[in-house]
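Listed next: structures, encoded as structure tokens.
Two complexes come next, and they have one chain in common, chain A, joined by chain B in the first and chain C in the second.
Our next item is the complex of A and B:
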């Protein structure tokens, strides 16, 4: 088990976004859940990661940093509960949660 | 020199068959006599061909061969497509083999790597299928070929059933050079459904005590397809199939391409692509193609081999599949590989490792597999002259010089950035470059698909269009851009990725109109094997290991 928190600078989320939160994935073997909430300062994406497999912090941080750069996600809080999901699934669940939150708005 | 001296091989063949004598009744040998017969027809120094590819095996003859000892059989130059059975490994352990030339060693890859380390695997070269078949007509013509067929009649005509595979490519060069053709068959009958190999090319026949081994190699259970694979399939469909108007193609055997097949009747239909893409196929009768065939996407399918369980389905769809006069499925490995080389717009497949130059390989230090047929299709056919829409469109992007062809075949590698167990797919250097492997292969690195041939790499991150890259440095930056969070990917520079994305060389899912939100297994036309059986109207008979109901 490994736990860490980090905030990344990101452009503010589009104002017309209506939903307060969005969830993608489930906590189960080889899977993970991503909860995305509208919270915090408008210029940061605040991330809380809890993973069952320690030792991959740098990969997590790189993936989250890229996400904060690619998408305007300022003013959100990301909570991830990971149960050993393959690395390729992390990005997909993040994008899915983001898509749900923004209703497809970029 | 007298004329007779130019036909020594013919005399020698007659002498060998004479030695068989009463061990055979005409052409027919009883199973008990096979070891004795093999001793008499094979001589030291022979080039011996043992039929066996990744699906079909002359397994009874292989086991009888392996029951002999070095005093009976030695100094053999073995030529065969696939080293797949424990019996094949025995031949090396017993020290019978002077040299081996082959294509693939899937299930025995670890055993082969061990033999290489023990210096008991004197390999000439690892080939692609058609490359080895070509050499059967040049400098590797078999003296004796041990083959497998479904049925023989009383004259020795052979019926090969759905799995014609490579039998004709072995029999022809052997029979027409005074070599000896020895066939194992499942049964001997009065009348064959059809004749695939005429009796006068067959010297000896044995009815094996058990049917030849057939591997259901191309069956992929839709239940094992992941959401990530669905995302990649959507990206490939929009960013490659739709963009270039791919009409004719080959699919690899992985789950990635199975996902594409299962998206055609759902996602593909919604995009209005039916009738515009994926009409002509060079591929085995994949069960995951059933929904697309039933939905009217597919005009024709030619195959290198059959697939266990697809016999009734293919026979009932003779407008789509090639079938004999008897109505049953026909395949041909050499011709299928040729079709996949020259006749198609696109090859798309997967690999275990891709390096920063786009070279791919399935070889690791502890497992030497080889190539099979993928490189025949996953390459640029320099002899191609006919244009198609897709070929010209990729060619225009590749900006051909005055000495280049105007078109390019789409050669696509579709890989997840990590394999199972968090092993990165993308690497700076292939394991295949290991010095001991290169030494065993006379300085050749066993590369499956060369980076120069690859036009696109698709990962869950997006598409890298290698054909459109203008320099090696640009190609490496494009590959790093889609290599995700592997060590290779983490070395990318944001500035490079942004510049390549601006020029359309790197495309993320949203750049090709794919919404990750939709990437879900629920888009698949069938969720499991049972779903495929339903789509087939009960004509698909899945092998027992795939049946859980």
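Our next item is the complex of A and C:
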């Protein structure tokens, strides 16, 4: 198990979202769950990662930094429980959670 | 015919949303509260925000109900201490408020990582279910998923007043692989899907009276079945338990030695096995009623 926390600069999230929090994915083999909440300073995306596969911190930070650059996610807190998801799935779940937070559950 | 997504393919939260009046669901202990398993964390296994079960209250046809939906993809929907405590609390609240309680089951039973805590939680939930039944508060188990209801969750489901199943759902105590490991592949081949479903699937359970309705794999159909059962509940009486015991003894005497699953279907009045196998859940139920 490896745990780490890091905040990334990101453009502020829009003032109104459909929900105060959104969840995407599930803790299963090769999968992860992402909880996205409105919280913290408006210019940062605060990330907390817990993963069962240690040793991939640099890949995680790259995937999260990429998301923070491409989406206005300032003022959010991202909490991740991971069970070995590949980076592409991490990106997909982040986008799903973001979509649900801003647009409501589909 | 246009239909919504298949119920068994939906997530726990989607299942609840599809069953209840739009926007009426209020989740209790939602993910941001982070009530997670202390045992899994100690073992270095990732935890889940809801510990694999979504609970809350909502309305079905304007009537308040308590609801739980298990997340089968998280450790097989298995019941740990937190997961079980959420179920116990929900049924206790249902008894207190005299409000029907529905549990959408998708679980292999107790979570082995926290065995004793899970077993106790299942026992406490059963006690809460019987509290509901003593007050004639309807309790319904919905068993419509790939994983089905096994182990402690199989027992818990049969403690409820009613079980709504689809052809897809399975109900039992020991799962197919467990039986195979104990009895050998010759006695029970868990890779034989036809055998597995003919012994623990929705159709067989409906024939034997363990399932009260057999419906299509669709939220609308399941909602309709639930609505019909919501008004009814029966207290557990000594007379009813004795009658059920006698019925089970009769069943054991009749089918206990058979090695052919079809013989059970035939014995329960199904004449055309092939047609019955191909029939949808509701068609099968109509056939079974006609041929009884």
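Quick notes
What we mean here is this: the second predicted complex is superposed on the first by the 102 of 106 C-alpha atoms of A that agree within 3 Å, B and C clash if a C-alpha of one lies under 4 Å from a C-alpha of the other, contacts with A are read in each partner's own complex, and residues count from 1 in each chain.
Methods note: contacts are C-beta pairs under 8 Å (C-beta built on N, C-alpha and C of every residue); 3 or more make two chains touch, one makes a residue touch a chain.
Note that this is a predicted model, so its numbers are computed, not measured.
By the document's definition of touching, of the two partners only chain B reaches A:99; chain C does not.
Contacts of A:62 after superposition: chain B is touched, whereas chain C is not reached.
When the two complexes are overlaid on their common chain A, residue A:89 makes contact with chain B while staying clear of chain C.
By the touch criterion defined above, A:81 lies against chain C but remains apart from chain B after alignment on the C-alpha atoms of chain A. Judged by the document's definition of touching, no chain A residue lies at the interface with chain B and also at the interface with chain C. Contacts from chain B toward chain A in the complex involve residues 226-228, 231, 416-418, 420, 422, 459-461, 484-485, 490, 494, 508-510, 515-517, 519.
Chain A makes touch with chain C in their complex at residues 1, 20-21, 23, 26-28, 31, 33, 35, 37, 50-52, 79, 81-83, 105.
Partner chain A is touched in their complex by these residues of chain C: 11, 13, 17, 30-32, 34, 44-49, 71, 73-74.
Looking at the complex, you find that chain A touches chain B at residues 56, 58-59, 62-63, 69-70, 86-89, 91-92, 95-96, 99-100, 104, 106.
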